[in-house]
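The two complexes that follow have subunit A in common; it is paired with subunit B in the first and with subunit C in the second.
What follows is the complex of A and B.
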C-alpha cells in the first residue's frame, strides 16, 4: 500500500505546480503597472528602472516565476503596503481563525449530515426519509448569508442570547467561546449538512439494493451487522464529498466571516480584493489551492484503506 | 470423513447462541412441510401472486428440484421460506421445518433460523459476497453469529469449511477478497458460508447458472456430496432440466406460481403428463438430436391478472373449453406422481382398469 501512497503523492506535485503557475500568471499578467503605486509621482525613468531591478521585475517571466515559487515554498509572500504587515503574518493569523471555525463547522456538518443521511437511507420511503430529503433541498437552496442574518435577527437582536460577531479564545471560558462560534458554525455548515446528507442517503440506499445484502441476511446476521457491511461499502462517495466540504470550509467563507466579523481568510481576501492588494490575494489563493490538493490526497489515501481493490493495487 | 467429525462440536456450541431451543417434534417425519403457501407482492397493478397455494414435503437426504421458467415463482418461494421477502408482502400458509412453523415465527426468531437451520446459495457468486471484506471475515462473522466460538476457533472452523468445499490452498484463500477469486471459487465460498452450522435445509437458487459448464459439473458434484455425507435436505431451483436430472431425486414443475406436476425424477423425465412439462422436455436438446428443439409458444402470464382457469391454457396445444373456465386440481396419478391438468387426468383414468377409476 505504501508505494501506492507515494505514487499518489507524486501525482499531487505536478498538480500543485500547475496551480501555482496559473495563479502567478494570472496576477502577473494582469493589466496595470505594479510600480506605479510604489513610485513617487515625480519619479524619473532611472528611478523606475532601479526599483524594477531591485524587485526583480526586469527579469524574464519564467525566472520571476521560479524566484517567486521558492519564496512561496519558504513561506515568504512579501509585504503588504496596505496593511503594513508581512503577508505571511497576516495569513497565519487569518488561517488560524478560519481553521478554528472550519474544524467546528466540518465536524458539526459532517456528523449531522452523515447521521441524517444514514437514517434516511436505512428507512427509505419513511417519514424520516422525506424529512431529511426535504431538509437537504432547503439547506442547499437557502443562501448561507440569509440564514446568518436570520440567526442574527433572532438570537442577537431579538432574544439577545448570542453575540453578533467577533471571535473569542478558549481562555475566556467555554461559554464565551462557544457562544461566539454557535451562529457562524450553524450558518456556515448548512450546505455541508445538506450535501453530506444527500450523498450519504443515496449511497446507503443504493448499497442496500446490492445482492450481497441478501447473502448477509440469509446468513442470519442481525440488522445492525448488515448495516455495518452496507456502511463500509457506501463510504467512498461520502468521503469524497467530505474532503471537498472540508476544503471549502478551510478556504474561509467570505460571506459568513464578513457578516460575523470573523477575522479569517475569507475576510482577509475580501478586504484585499477591495483594496486591490494583489499579493495578499495571490498568497491566499495559493494557500487555499494547496489546502484543496492536500485534502484530496488525504481523502484518496483514506479511500484506499476502505477499498481492498485499491489496497492491493489492482 | 472430516465432514462428520466437525459436526457434533459445532452443534453443541451452536445451541446457546441461537436461543431457538431444541428442535420441536416431528423430527422423525418429513424435514420440511410446505402447506398451502401463498406469497403475494404489492405492485402498481395490485396484488401479484408469485406463489399460489403450493404444498409439498421434503425428507432428509433428498433433493427436490424445482423446475420452471423465470417468473414462475421459484425464487419467490425460496425467499418466503427463508423470510427474505420485501416488506410489502402478504404471506399465508405454513412452512414447517423441524416441527416449527417458520411463517408464525417473530422476525428475530427467523434471523436465528437463517444460516443455522436453513441456508441459501444464490445464483450469481460474482455479486453474492461483500466486496470489501475478506473471505475469512465473512466466514468468521457467520460462524460467530450462530455459535459461541472464539475468533481463533472460528477461523479454524472457516479453514475446515473451505477444505470441505474443496478449495485449493485454503489458507491463502481465507485472506483473499472476493475479487481475487474466480467465479467457481466464489460459489464454493458461498456454499461454505451456507454450511457454517450444518443446516438441515439448504436452498439453492440456480447456483450453477452463472458458472462455466465445466465448473458447473464440479459444483453439482459438490452438492451431491453434501447430500450424501451431511444428510441435509436440498431444494434446488433451476430452469435447466439437464441440471435438475443430474441432482434431483424428486421434481416439482412450477408454472405461474403453482405446482403443475410433481413426481420422482424418473416419473417426470420418462413419463411426463402435463403439456407444460412435456414442452420443457422437448425444448431440451438430447444427445444425437439433429432437429431443432421445439420451443413452447407464447410467454408466461401476468401474475397480477391470472385467468380463472388453467394459467397455461393460452399456450397449450391440448386446450379444451373447461380449461378456460375452471382451475384443474393437482390430482394424484401414481404413487408419487401428480398432475394439474384436466386432459392428462382424464386420459390416465380412461387408460386405467375400472378399480382405479373409483379412487
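What follows is the complex of A and C.
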C-alpha cells in the first residue's frame, strides 16, 4: 500500500507546480502596474527603479517565478502595505479560522448528506425519497450567500436568537461557540449536503440492485445487516465527491466569511480585492489551492483503503 | 456527405423492411417529442422566457429609472403603493432594479458557458481526434485548472483583471473551459474508433472536414447536456463575483451586487433585502430543471 501512496504523492507534485504557476502568471502578467500602490505619489523614476530592483521585478520572468516559488515554500509572502503586516502573519491567523469553519461545514455537510441520501436510497420512491431529491436540486441551485442572508434575517434580525457574525473561542463556553458557528456552517454546507445526498442516493440505489444483495437476503440476514454491506460497497463515489466539495467550501468561504465577519482566509481575500492588494490575493489563493490539492490527495488515499480494487489500478 | 445519426440505424432498417409510407422519427424529432412531454422542463422554460422578456422589456414595464432614486422614499417595504417590491437604500424602485438587473445576471451567466463551450469543444475534440502530443499538451494543461476550487480561481482571475462585466465573463469562461474540454475529449475518443470515421478517412476526406462534420455531429449531445447543466451554476457563480464587487460597476443594477448592497438594511427592511437573492435562485433552479429535462430528452447517460 505504501509505495502506491508515494506514487500518488509523486503525481501531486506536478499539479502543485502547475497550480503555483497559474496563480503566479495570473497575478504577475496581467495588465496593471504592480508598483502603483506601493510608491508614494511624488515618487521619481529613480525611486521606481530602486523599488523594482528590490522586489526583483527587473529579473527575467522565469527567474522571477523560481524566486517567488522558493519564497512561497519558505512561507515568505512579502509585506502588505495596506495592513502594515507581514502577509505570512496575516495568513497564519486567518488559516486557522478558515480551517475551523471549513471542517465543521464539511463534517456537517457529509453527515447530513449521507443520512438523507441513505434514507432516500433505501426507501426509493417513497415520500422521503421525493423530499430528498427535491431538496437536493434546491440545494444545488440556491446561492449560499442568499441562504446566509435569509438566516441572518430570520435568526438574527427577527428572532434575535443568534449573533450576526464574528468568531468565538471554545473558552467562552460551548453555547457561545456553537451559536457563532451555526449560521455560517448551515449556509456554507448547503451545496455539500445536496451533492452528497444525491450521490449517496444514486450509489445506494445502484448497489441494492447488485446480485450479492439477493445472496445476503437468501442467507437470511436482517435488513439492517444487508444495509451495512451495501453501504460499504456504495461509499466510493461519495468519497470522490467529498474531495470536490472541499473546493466548494473553500471557494464559498470568501462569501460566507465576508457576510458573517468571520476573520478567515475568505474575508482576507475579500478585503484584499477591495484594496487591490494583489500580493495578499496571490498568497491566499496559493494557500487555498495547495490545501485543496492536498485534501484531494488525502481523499484518494482514503479511497484506496475503502476500495481495494483501486489499489491495483491507479 | 450524410451526417451519422445515433440510434437512427435500426429505425431506418425497420422502415426499409416495412412498406410504411411515413418516414421514421429522427433522433432530434424524438428528442423534441420527449421534451414536449416533460412538464418540469416546459415550466422551467416558460419561467426563463418570461424572465428574459420582462428584463428586455423593462423600460416599457416600469416608469422609474433603475439608477436614480428618491431619497425621501428610501427603504419602503414590499407592497408599498407605487413600489410593489419596495425601495432600496437609495430610494430606487426595487421592481425596476430587479427587472433591469436580470439583463446583467442572465448575460453574466449565459455568456461564459457559451464561450467556454466553443473553446472547450475545439480543444477537447482536437485532442481526442489527433491524440499523441497534442492531446498530452492540451489535456495536461486542462488538468491544472482542475486543481483549483473553481469559484476561487474565478475570484483570483477577476481580481487581477479588475471589476467589469467583460472581465467577469472572461474569468468565468476560463474556469468552465477545462470541464467542457474533458467531456468533449472523452466523447471524441469514443467516436473516433467508429467505422464511419474509418470510412471517411479511407475516402480521403481531410481531417478538418471529418472533425467538423462527422465528429462534431456525434459529440454534440453529451457536450450540450453538460453545458446546459453548467448554466445554473454559472448564474450563481456570476452573482457571487458581483456580490464581491467584481462584476458590473454601480449604479448599473445586478442581482448579486444588489444583495450585497442591501445587506446592511436587513434590520430595517428585511424582506426587500432578500428579493434579489430569490431571483438568482429562481433563475438558477429553472436552468437546472431545464437542463435535467434536456438530458432526459436527448437520452444521454451521465
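In the analysis below, the second predicted complex is superposed on the first by the 297 of 314 C-alpha atoms of A that agree within 3 Å, B and C clash if a C-alpha of one lies under 4 Å from a C-alpha of the other, contacts with A are read in each partner's own complex, and residues count from 1 in each chain.
In the analysis below, a residue touches a chain if its C-beta (ideal position, glycine included) is under 8 Å from a C-beta of that chain, and two chains touch if they have at least 3 such contacts.
Bear in mind that the values here come from a model prediction, so they are computed numbers and not experimental data.
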Superposed partners subunit B and subunit C on subunit A - clash or fit: fit
Contacts of A:104 with subunit B and subunit C, given as first, second, both or neither: neither
Superposition-derived angle with apex at the Cα centre of subunit A and sides reaching subunit B and subunit C, degrees in steps of 10: 80
Touch count on subunit A, higher of subunit B and subunit C: C
First, second, both or neither for A:260, with subunit B first and subunit C second: neither
Which of subunit B and subunit C A:217 touches, first, second, both or neither: first
Touching partner for A:68 - first (subunit B), second (subunit C), both, neither: neither
Partner chain(s) touched by A:229 [first = subunit B, second = subunit C, both, neither]: first
Subunit B versus subunit C as contact partner of A:155, first or second or both or neither: neither
After fitting on chain A: smallest Cα gap, subunit B-subunit C, Å: 18
Subunit B-facing residues of subunit A, complex: 210-212, 214-222, 225, 229, 232-233, 306-309, 312, 314
List of subunit B residues in touch with subunit A within their complex: 82, 84, 111-116, 119-120, 122, 124, 127-134, 141-142, 145-146, 177, 179-180, 190, 193-194, 196
Residues of subunit A that touch subunit C when the two form their complex: 15-16, 18-19, 21-23, 26-27, 30-32, 137-138, 140-143, 145-146, 149-150, 152-153, 156-158, 246-248, 250-252, 254-255, 258-259, 269-270, 272-274, 278, 281-282, 285, 288-289, 292-293
Contact footprint of subunit A on subunit C as seen in their complex: 143-145, 147-153, 155-157, 159-162, 232-233, 236, 239-240, 243-246, 256, 259, 263, 266-267, 270-271, 273-274, 277-278, 280-281, 284-285, 287-289, 292
